[in-house]
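First the structure, then my questions, so here it is.
Lettered A, B, C and D in written order, each chain numbered from 1.
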Amino acid sequence: MLAELRGLNEECGVFGIWGHEGAAQISYYGLHALQHRGQEGAGIVTKEGKKFHVIKGEGLVNEVFSGNQINDLKGNSAIGQVRYSTENGRGIENVQPLVFRSTTGSLSVAHNGNIVNAVELREHLERQGSIFQTNSDTEVLAHLIKKSSGSLTQRDRVKKALSMLKGAFAFVILTDDGLMVAQDPNGLRPLSLGKLGDAWVVASETCAFDIIGAEWIRSVEPGELIIINDKGLQSDRFAQAADPAMCSMEYVYFARPDSDIDGINIHSARKRCGKRLAREVHIEADVVTGVPDSSISAAIGFSEESGIPYELGLIKNRYVGRTFIQPSQELREKGVKMKLSPVRQVVNGKRVVMVDDSIVRGTTSKRIVNLLKEAGATEVHVVIASPPLVSPCFYGVDISTDSELIATNRTIDEIRELIGADSLTFLSAEGMLEAIGRPDNTKNCGQCLACFTGEYPTEIYSDTVMPHKKEIV
Amino acid sequence: MLAELRGLNEECGVFGIWGHEGAAQISYYGLHALQHRGQEGAGIVTKEGKKFHVIKGEGLVNEVFSGNQINDLKGNSAIGQVRYSTENGRGIENVQPLVFRSTTGSLSVAHNGNIVNAVELREHLERQGSIFQTNSDTEVLAHLIKKSSGSLTQRDRVKKALSMLKGAFAFVILTDDGLMVAQDPNGLRPLSLGKLGDAWVVASETCAFDIIGAEWIRSVEPGELIIINDKGLQSDRFAQAADPAMCSMEYVYFARPDSDIDGINIHSARKRCGKRLAREVHIEADVVTGVPDSSISAAIGFSEESGIPYELGLIKNRYVGRTFIQPSQELREKGVKMKLSPVRQVVNGKRVVMVDDSIVRGTTSKRIVNLLKEAGATEVHVVIASPPLVSPCFYGVDISTDSELIATNRTIDEIRELIGADSLTFLSAEGMLEAIGRPDNTKNCGQCLACFTGEYPTEIYSDTVMPHKKEIV
Amino acid sequence: MLAELRGLNEECGVFGIWGHEGAAQISYYGLHALQHRGQEGAGIVTKEGKKFHVIKGEGLVNEVFSGNQINDLKGNSAIGQVRYSTENGRGIENVQPLVFRSTTGSLSVAHNGNIVNAVELREHLERQGSIFQTNSDTEVLAHLIKKSSGSLTQRDRVKKALSMLKGAFAFVILTDDGLMVAQDPNGLRPLSLGKLGDAWVVASETCAFDIIGAEWIRSVEPGELIIINDKGLQSDRFAQAADPAMCSMEYVYFARPDSDIDGINIHSARKRCGKRLAREVHIEADVVTGVPDSSISAAIGFSEESGIPYELGLIKNRYVGRTFIQPSQELREKGVKMKLSPVRQVVNGKRVVMVDDSIVRGTTSKRIVNLLKEAGATEVHVVIASPPLVSPCFYGVDISTDSELIATNRTIDEIRELIGADSLTFLSAEGMLEAIGRPDNTKNCGQCLACFTGEYPTEIYSDTVMPHKKEIV
Amino acid sequence: MLAELRGLNEECGVFGIWGHEGAAQISYYGLHALQHRGQEGAGIVTKEGKKFHVIKGEGLVNEVFSGNQINDLKGNSAIGQVRYSTENGRGIENVQPLVFRSTTGSLSVAHNGNIVNAVELREHLERQGSIFQTNSDTEVLAHLIKKSSGSLTQRDRVKKALSMLKGAFAFVILTDDGLMVAQDPNGLRPLSLGKLGDAWVVASETCAFDIIGAEWIRSVEPGELIIINDKGLQSDRFAQAADPAMCSMEYVYFARPDSDIDGINIHSARKRCGKRLAREVHIEADVVTGVPDSSISAAIGFSEESGIPYELGLIKNRYVGRTFIQPSQELREKGVKMKLSPVRQVVNGKRVVMVDDSIVRGTTSKRIVNLLKEAGATEVHVVIASPPLVSPCFYGVDISTDSELIATNRTIDEIRELIGADSLTFLSAEGMLEAIGRPDNTKNCGQCLACFTGEYPTEIYSDTVMPHKKEIV
């Protein structure tokens, strides 16, 4: 599915490095590889001795770090973030990493995920006199660390603070004497540890290791706090590991095809989902086409298993960026198409299987089915390489309220009719779990299925809302 | 093959429209669809009554036309160009369309191709007192038109001027009373005519019609001069059609997969080349992968025919742009990879068929083979969906001198060894012609094979050089 | 003296407005008029109902607020700041107004001045669990307000917080139900109250009122807290007024000639200083010239009183901005002059009186004397329209350590020799006070003379340093 | 008078250098000093051996040459231009220097002035087959040079071409073996020759020599062609010198106060005009104020002679640039003032003499008189340091048609009433000529008075129009 065309968005990617003289440059390339996880802001904080240097800005990594200014980011440790932001979370003050300055030493934090009790914790902290400069749940962690009793060591203060958080979180924390990395007790968001020569690196996805030539070591474990400093790496825990529950949508849609999550390659998992789908449904058709970019792997798998030839039936327009002039309503009605073009000769007179990774509101699916039919497809069979999305995510994916999801309270056939397809098939949940094939023996093979089932792996607070929906004026 | 990684470049795309109130906007979207044909400059000229408005600049279409300035391009006729430029042809003065102002009426010209007798014509014109402000062979046409006897009609002056040109050219010419479109006698560069409501449109590739919702009517014919004005469209000829000789590399590499050239879809032609290749060679292998973006279609075809599964073994980095900070030599040596990443889990321990569309200097092929082997491929079999490139192109493709071409004066096995592949196979010329499948009964099925064979369809002047190689100081 | 050429810098200008539908635009023009008080950052915060909108950035007002984005700043109340920043205070996070988000209502603060006990207060707050995101002393005020007992009204919390601050401060504070304005007990920084129709406005200088057509009402009084909300304006006090001590350098150098401070016009005061100087010294000379821009008024006064003709002997280069390419050392040695040019015909063969407002390190004075002599001046008599600067300022002017001041520990004649002048005269302190002519009967006529005398009107803490000198890493 | 507020604009400044390794950088600083002569475009062409390098763009010098690109301008000779352009002359193609490429050697031209027979020459050239790419009269010169018989030497071809031009022109011409400099037979535009070490430099104003540390040698003479090459400098003539007729408005308004024209310093000349004016009229008043920037010198002179104190009654807003957000009509009506502020305390209750250099349409004068009265001035006496402008200029100043000039067909008293002044006085023509004090014994002391008298020093063609008014579509 086309990220640009709908409201299903990952909220961030994080990166960290300790002990490399090119820390800022390495972070730049690492964040660049994570760019698909957030295109609205980017930042890098480096540590030079006790001094923290910061560059942050709105826009893509290569827009924020243009020219030579990256050379101002001196020091051999760094953390960084790329950020997706919703309406309420916009503004330069919300771009991470956040930096907290103190006469006794500074602290910088970057975060991927969503803390479901952030509002409660924030109200609690405000009652104790804390003031906040962002809308971000990330700021809560810094306050909790600061508020912890001064008699504790820093590590213990961080552990105590982390233990108060509920929800999904992958944190990288830079202090004046170390890099800390933490993963929530369910391990809801991916976070990997690697080595680049003698330096330690950490990233939301392994594709960030490949670009910098780092070696993957392992995933950060649920409930784990890793402390890296000049003495080496230590593993600690701030919480018991709960049932592992890696976000299914990372496999289905978010992660890059060349990343691995917990040892499973994303492209391969998606291809297996496509194959499994071809075993779950039989369609008489002439061509299989995928909706670029994220559905290509599943489409290839579907084609391979079904024997129906795979074709480029839809072409994505590579150069459409944010600065692109949008066609006027009049021109749009006259047929100006942006972003996605059907390939007439490929689909004209053909029965087409259109593979997509998921359906959110259904409006995009409807448009693409229509594009294919206008280009001459005689039948369009939509097959979706994941189960229907019926429940909101509270763990950092921007599909917030039930009402927006086309599959909530609708039958498959009602959805099919709404999007104008000749048939519509979703992959079964079992099929998806088997196809992805995580080794866990635990419930749901260690995957979170909340958006497909409404069963959430963590407590959900009565006030639980996406932080960007709770309007903090 | 990755355009960014090597020196095989198309030199332009052109667009024209007559009789549409949104002429500038339509041209913007049209040029945008042609962006792959030239990323270094763009321009649009509109005609409002007798007045010509111009916006040109270096950069991508959406960089040149940012903000609201496109609204300054009033008028209901327009021509435009996207431009690739070599070292000597840089600079804003070379960005097209060129505009020639005259007290008796203005003229604007945009061009795709290369005029092989440009230097001879230029010297001739200079001896007669002409002065030139660009290095471009396009300027020659305007001078020839102007120099023609004043007693001729404008149409006859244009015909006479066109008849003096040798080489490859697709021209769009905007005058104060019409839009003229011309194709060289061999039809070396693609140029299509379409309709958008009542308006006529012309474009280098049909993908520009799809984006604006225009209908394809036909290709402009070799030797044809089309004159469009408020009375309608007239077809004339400035030359006898010679043997048709459409550039083969348009099918192989340049054109967008969703474009058709002379009724043949590019993706489909490439896929057939891939299939044919799989019939011409037998390889024992585990996976097939294509070098993105242009080789994907051939790789799919190869996989389908050979039965070897198609995988995403190589991922292209979407966000690498011109403003991207390049890694230092030191970081590059430490392994920082840009633009292309192998997918380790897909290729590790596998025998890989790597499909590419062509090999130019071989340096990129060598690098990709090496990337795949470092990622664990046990064997890398390179298959190329076109014959070896052995001769320079004089018709608008930037592969200028023999010495740069790895296949000139080398055996297949020598090339294989240089790029480090376990085997290397090129598609045969016959195979390519059959797979593309143009309907012509003429020589080479109406394709130009000069870069594969050294046999040129036009005269080649003793001074024939690429205009950007002849240094005009 | 040329601000660009030396280290004597005002630290900010502030602006506020309550009750005007064009609040953001009015603030933009107001800040623009205050641009000379800070060129390195600018920001505006507006309040729309309970919602705060923010735009901040590094650069000039018209760079930060380019395009249409100012229209996003909805609401009919606003505060804004222009900022000068020293090395340690750079970075977007230090640009004001600061915004503090809270579930119970937000708060925004902008500040001009320097709080001398900021470090002590900060350490105190950190011990109580506060965390800081900036290096700015402004953040301290917000924490103090928040920390105050919850049983107090907001007004009382603000008063209590303000009463803990020592030093120079002019605050504008936007809360969700009002605009508060506070002036330190000595009134060290200028701050004026005005009306624009029914709306209240406040600004560091009255020139901001003139540009928007507002009427000056009065100065904010030392120790006063003004609360403006929809019920009107109330005046309160958070402290007893101490001896008034308006910064003398505002009259001498910082403020715009068209501003009035406490009813005294700046140009007129400077001209009177020039006249007084001409009465304090007798010089035989041919021409009087001022160092643009700030010394022009004094030079005119000196000329008028002495009868020596006033001439443009030095021209300032209007277009030299931050993006200007600096000449290489080699070119500089070859004579490339930027920023200031002597007018050869005016000074050649003449005895020149060069009037400047002050001397800081002396390096610029030396250069200008040298420029004049190279241009043919036979004698250069430097007259300074203020007393020698001998002590650092702790109240918001960036002349921080004694060692940089040429006049500390040097006789007038030693300074004269260092700068290469034929004579050197400073205005006496009494002369300056009389010439400025504030009506106060109090000590020093209500002016702060600390930088001339080392006698500070407030306590100076043992740790007192400029916040940008205390390195908070 | 404020250039920004009215339509009286110089059309260019030119610069040239031969034989300096830092030719591009030196040109940059030189053009920078000439920036006041044109703010809408800038360009530099350098010559490296036979190769010409070009950078041109719209905007200020420091906008066009930002970053490091100036280092691409290799070579030790250069010419450059800053450009003012009217509506019809906009667009990058009109930015100079123009470059003409030829197989036998290139040519680059930059120009200040206006050729009154450009249209005739252009029509003549077009009939001979020349085509034009700009609206500029500068292009005509290049065509004329090219068209000249090939048997002539280049110098003779240039002389022949120059001899065909009528009007005002100062040309710098860079060829592959020399730098040529030409001045029209009346010497209507200033052009000076200087030396920088061993290198020769040429510039429209001497302030460009001061910034680079060059020594002024002499003015280029009317009708002179200077040829500079590696053998040295040669002076030739392409025409008999006619009556010298230096543009009076250069002294009155255009040139920088620190420039000298034909040995007369501009500031000093203006001051003498102000003094003369004070002798020509007696006014009872309290203060004298000048309209910044160009009237300051005259105001100082008026004050000195009349004994009425000089004050800063009007302040120019330094930071108002092209990117500045203009106030809405509503805000303007509410009093938002840009660009110019009266200083209330200086003018309130006073009888003010407001000195300006000239009046064009009168709208600005009316506004300033009004500003002063609103600020409390009891009387405003406008004195103008030049005679009334009654006729259009055809020599490169943008005051094109009589109808726009308030003084055409109006009595002084009618003008006074229109602008709302209490009295209005213009300097007499004799007064101006004597005050400027050129040494020539010739008619009008060698000054052109055409705009004051309607008597033009050259032929005026029936078609004579400003090139930007003749619409060449």
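For the reader, a short list of remarks on this structure follows.
Criterion: a contact is a pair of C-beta atoms (placed from the backbone, for glycine too) under 8 Å apart; a residue touches a chain by one contact, two chains touch by 3 or more.
Not measured: the values here are computed from a predicted model.
Contacts with chain B and chain D are shared by no chain at all. Counting hops only between chains that touch, chain A reaches chain D in a minimum of 2. C-beta contact counts were set side by side for A-B and A-C; A-B has more.
Taking each chain's centre as the mean of its CA atoms, A is the chain most distant from chain D. In terms of their C-alpha centroids, the spacing between chain B and chain C amounts to 60 Å. Note: centroid distance chain A to chain B, computed from Cα atoms, is 37 Å. Mean C-alpha position of chain A lies 47 Å from that of chain C. Multi-chain contact residues, meaning those touching two or more other chains, do not occur anywhere in chain D.
Contact between chains, as defined at the top, is found for A-B, A-C, B-D, C-D. Taken in their complex, chain C has these residues touching chain A: 49-52, 54, 56-57, 91-93, 98-107, 119, 122-123, 126-135, 142-143, 146-147, 150, 176, 471-473. Across the interface of their complex, chain A is touched by residues 22, 25-26, 28-29, 32-33, 35-36, 60-63, 65-66, 70, 196-197, 207, 210-214, 256-258, 260, 265, 267-268, 271, 293, 296-297, 300, 304, 309-312, 315, 317-321, 323-325, 327-328, 330-331, 334-338, 341-346 of chain B.
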